[in-house]
Amino acid sequence: MLTYNSKDWFKFIFFFRRSDTVRKLLPLMIGMGLFTWLIAWLELKYLLISEREVIKNVSMMHTMLTFVISMLLVFRTNSAYDRWWEGRKLWGALVNNSRNLAIKLNAMLPSEDKYNREFYNKTISIYANVLALHLKSELTKFELDEKDHPELLQLESGKHLPNQVASLLFRRTNRLYEEKKISGDQLIILNGELISFTDICGACERIKNTPIPLSYSTFLKKFIFFFVLTLPFSFVLSLQYWAIPVVAFIFYALTSLEVIAEEIEDPFDGDENDLPIMKIAENIKKHVAEIL
Amino acid sequence: MLTYNSKDWFKFIFFFRRSDTVRKLLPLMIGMGLFTWLIAWLELKYLLISEREVIKNVSMMHTMLTFVISMLLVFRTNSAYDRWWEGRKLWGALVNNSRNLAIKLNAMLPSEDKYNREFYNKTISIYANVLALHLKSELTKFELDEKDHPELLQLESGKHLPNQVASLLFRRTNRLYEEKKISGDQLIILNGELISFTDICGACERIKNTPIPLSYSTFLKKFIFFFVLTLPFSFVLSLQYWAIPVVAFIFYALTSLEVIAEEIEDPFDGDENDLPIMKIAENIKKHVAEIL
Amino acid sequence: MLTYNSKDWFKFIFFFRRSDTVRKLLPLMIGMGLFTWLIAWLELKYLLISEREVIKNVSMMHTMLTFVISMLLVFRTNSAYDRWWEGRKLWGALVNNSRNLAIKLNAMLPSEDKYNREFYNKTISIYANVLALHLKSELTKFELDEKDHPELLQLESGKHLPNQVASLLFRRTNRLYEEKKISGDQLIILNGELISFTDICGACERIKNTPIPLSYSTFLKKFIFFFVLTLPFSFVLSLQYWAIPVVAFIFYALTSLEVIAEEIEDPFDGDENDLPIMKIAENIKKHVAEIL
Amino acid sequence: MLTYNSKDWFKFIFFFRRSDTVRKLLPLMIGMGLFTWLIAWLELKYLLISEREVIKNVSMMHTMLTFVISMLLVFRTNSAYDRWWEGRKLWGALVNNSRNLAIKLNAMLPSEDKYNREFYNKTISIYANVLALHLKSELTKFELDEKDHPELLQLESGKHLPNQVASLLFRRTNRLYEEKKISGDQLIILNGELISFTDICGACERIKNTPIPLSYSTFLKKFIFFFVLTLPFSFVLSLQYWAIPVVAFIFYALTSLEVIAEEIEDPFDGDENDLPIMKIAENIKKHVAEIL
Amino acid sequence: MLTYNSKDWFKFIFFFRRSDTVRKLLPLMIGMGLFTWLIAWLELKYLLISEREVIKNVSMMHTMLTFVISMLLVFRTNSAYDRWWEGRKLWGALVNNSRNLAIKLNAMLPSEDKYNREFYNKTISIYANVLALHLKSELTKFELDEKDHPELLQLESGKHLPNQVASLLFRRTNRLYEEKKISGDQLIILNGELISFTDICGACERIKNTPIPLSYSTFLKKFIFFFVLTLPFSFVLSLQYWAIPVVAFIFYALTSLEVIAEEIEDPFDGDENDLPIMKIAENIKKHVAEIL
């Protein structure tokens, strides 16, 4: 992830970074331009359709559907953003719970108990690390797929790692309790942080392995495709060759929304828009070490 | 459920999967096309209505209502999606709580206590299974219906199964406490996971047995029906025979939203868009066995 | 409440159930039609206003306000639906907590303690019943009204019944604790369910006795009224007698939204759209009896 | 607050209550009418601008901005409503917690302990009262203002009263625990209710002392003002003197939304739209006395 | 932050405060005006483009995209406002938890234990202060940036201060428990407040260091820029020199939304729209001292 100054309009407008939708859509925009040019040539030069022909009124369809396509796309981007933000919240909660667990254990364990301090120091940081790797794995993504994935079988590293680390943490804490190193009251107040790890892991897996319903996604793409592809037919009659940049820009504006949504709906992938989960895991390591 | 690559536009646009609304709506789209053709023939060839007649202005009504119908449909789909996503969250919570319960019991029960370990290993997985079956049942769907359903009586399998399994889990845990195998402090930290099962079950039942208010659903369908059916009257005067694909496409765009909403508002049915609850139940079984 | 098959379009479109807004609005739709006919006759036959007169441009006002009235109405219906759905969630929570309380007590109370088992079995079911009646009462609705309601005084049945039942439940549980029939740890894990009853009751009362702000409700109705009533003035010039069904349909589409909102914003009333709280109370009774 | 029957359209449309925006905006509506009349006279009689002049196309600006101003106003009203409803929920939670605290203490305190019963009976009711007064105070409103308010200093009644009452409640409860009148387990289950008082107080203060960001509020008012003031320039060319009622009505429709938002965003003020917090405090008193 | 009277329209409309978007955008509005004047001169005087040329139809593009740009901007401002309001809620929660912790410790600590009372009195207030400074720091903002920031290294003050203070608080509380000055039950009920500090800190850091996804932000700015810059081409043909103020006003209305969003999405910066966190920290100090 890149931290940027949102007020620097100049950079935003005239620079084209890797994640910029202009760069991604440029070939398609040129394609749309050529397509529009073709339609323009056909209608204006070959078929000689005059501006008064009914074909021009196809724009009635576009006018009627502008609302619905705009709303769908804006809502699509918003709900992808909600997933992204939920992912960020979950990793924020992981930070909080790692810190709180360290703060509590620091107070409860005698300062000379190097053995247990070392253990928690390492294991808490490892959890964040293991979870980050777990979320980047293809195995996690296809966990709920109805098709088999023989190509992923070789990746299968045996057990579910975050669960194993969480289990280690809980076992050690319970042993401290059984050995009377911490009291029952202290066990109770450690419980919240200990279960949070698995809750966060499960919620991240949910975001990762559950795309939006297939039929919704299919419909949206078919709708955009057909909407944009029929634009030139009426636009070239009103705008002649000016229709080329106009259609390309409308294509850019609408399709960007879908493209951005695709980018951010899986926030654990590691491209420029995604959540910096490795960085967060590093910070957890640093802060836990500071405390414990 | 099918895990798909949302960036593969080509497949989305040119393939027509089973859950694609194009496939579902095709007969009706052809019907709308024929109806539009009929109106076109009537107005243009038989009644010879000219473009300047007032009937053309019926489009004023459509313009005025486009906005409200678009918002209604987009909100309809969104609120159906919210139910679907809530269902997914609930099953995610079931995963988390099953894992946490297993992790805790693994730490608390002595490793030689095969008897109890076996019990929890089995019973936690069974809960997910029993709940999945309970949610697919017609009985659950019609639980709150004001009409009687004599045809479902033979299905009635006696008691409410998920409740019985949850009761088993709690009884065993309470017995462990009474036999001092776990302490009171440990009982308290097991409580959260134990009650979560019944909470999740109740929330899933709510999604299953409470459709959106009848009068809202009725209104929406009557509104779409009348809106689309009156479109050809004015469109054929502006677009002549081009109105046929135009009306069919508008019909497709609007009706798809309602059809998708109908599909996903009950997320426990097992079709291509629905939540893979059997698969999740399997995963719970696998992960709990790994831990315990 | 009626459980329906949302995919049965035919029934939705051609049947007119009791809660259908078409049935409710039919007299007013006929009224709007007659009013439009009157305006049409006046403008077209009596005043002989031509299509080129400025009065036709009144439609500019309608165009400009279409957005805002559509959004207001759709949001109005959505926020009424949110209340309805919150009501459903609260009753779902009542189901969950009743079941969990029964499951826990079943595990904690010795199976021969018929006396206490009977008590909880009855009292938990009674709570749901008493709450359902409490929410249907006019007294509850006017609890926060600034005007006095002498006509309701005779209904006043003394004390607040749900509170009394909740108090009974808590007293008995506390007595079990004092008599050492349940331990302190067990008391702590029963606490969550016991307080939930009163929390649910208070939240339902809030939905019942707090309508949306008066000035908002007033504005919305005045706005719809004036918007629809001025429609015919410009529409009859464009549509002549076709304006009659057109205005009636626009009236139906817009007013239905407000009418549906009025129906569902108080979800505890017992009409076809309302929540089946008596049925839920019955189910609680059945399931608690199964468990305990 | 006034409890009203939302289905009584007649009253809503033809009565003009104190909180009706028509009454509040009437002078301004008349002003807008006169201004429009002035512009109409200027353009039509004095400058003799014909309908074909470019000034008429200023309506292009209004068309383009209609949507954004509509959304802004509807969202503005909705977010003000969300504050109002959050305020209502908080006071609902105060009711619930007061009742639950009373129910619990009733069970825990021996019935002959008049001294403590009396104390809680009084102090719980007093909290609601003190909080209601605290929220109506100007001091609370300007607590976070960056300007000094010497005129309010004389109001400063020393300490923060709700905090003092909450502190009393907690001190007494802790004393009961130290005197072994309640056990540690009972203290733990009383904790939730005791901290809720201060949480509710803080949340109400937040709603009271944090208006929406200044620059947003400023922008919205400037936008409405300029939008409505430029309407007559193009409307009088299309509508002539009919523009007078039309502009006045558009002004009414748009400005009402902002006026309603201003009314309800501070829900603790005591006018007709505000929350009946004194009434709720009374009810708390009544119900707590019934229980304890 | 400035507490203002939202009903004082006069001040809002005719005063131009520091945070007013009119002041910020004035140079750009003048720029847009000059640009429009240039286009007007070019098209009307130099190229002599008549009103009937196709270039005028470029407005079709603007009409089609008005809806999507309006929604994007309104949603953008709303989601920035949500961050701002979440920040306010978090600081409200800090107030509540500081108060509750003080209230509880006041009850639990013997009144003669000046040593511990002093400690909590100071440390609770210090936490709010330290957090406020931590959130204003550039280091916090760039914590997750993928680029290195050598220029900030000198600021690095060693350890994470809020964590250190939270650790102090927990250590002292745990020592009180070990020294039997507070019981285990009391430790349990202090736990909620103690962990809340770190949770609030982490959530504020999240708001501070995670801007909205880069590609979304880039797209929005490019879209606004291109949309507004192409407006004059068609508007000068319809409006001639009137296009100058019209384009400037549309520019003001749309860009203000983005500018306001940029302002409020980081609520911890200290300008006129930002949250008064230093003031809240002062209030916490005052109220904690009153209680303890």
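The letters A, B, C, D and E name the chains in turn, as written, and every chain counts its residues from 1.
Simple rule for what comes next: a contact is a pair of C-beta atoms (placed from the backbone, for glycine too) under 8 Å apart; a residue touches a chain by one contact, two chains touch by 3 or more.
If you're wondering where the values come from, they're calculated on a predicted model, not measured in any experiment.
Asker: How much rotation, in degrees rounded to the nearest 5, is required to superimpose chain B onto chain E on the basis of Cα coordinates?
Answerer: In degrees, rounded to 5: 145.
Asker: How many angstrom lie between the centres of chain D and chain E, each centre taken as the mean Cα position?
Answerer: Distance between chain centres: 23 Å.
Asker: Using mean CA coordinates as chain centres, what's the gap between chain C and chain E in Å?
Answerer: 37
Asker: Please output the residue numbers of chain C that touch at least 2 other chains, ranges allowed.
Answerer: Touching at least two other chains: 63, 67, 71, 184-185, 188.
Asker: When you draw the chains as points and link the ones that touch, which shape shows up: line, ring, star, complete, or other?
Answerer: Graph shape, chains as nodes and touching pairs as edges: a ring.
Asker: With touching defined as stated, please give the ring order of all chains, chain C first and chain D second.
Answerer: C, D, E, A, B
Asker: For a test of understanding, state which residues of chain D touch chain C in their complex under the given definition.
Answerer: Checking each residue of chain D against chain C gives 1-4, 6-7, 9, 12-13, 17, 19-22, 59, 62-63, 66-67, 70-71, 73-74, 77-78, 81, 84, 88-89, 92-93, 95-96, 99-100, 103-104, 106-108, 183-186, 188-189, 192-193, 235, 238-240, 242, 246, 249-250, 253-254, 256-257, 260, 263-264, 272-273, 275-276, 279-280, 283, 287, 290-291.
Asker: Applying the document's contact rule, which stretches of chain A touch chain B when the two form their complex?
Answerer: Where chain A meets chain B, its residues are 54-55, 57-58, 60-61, 63-65, 67-69, 71-72, 75, 79, 141-147, 159-160, 163-164, 166-167, 170-171, 173-175, 177, 184-185, 187-188, 191, 195, 198-199, 201-203, 205-206, 209-219, 221-223, 225-226, 262, 265.
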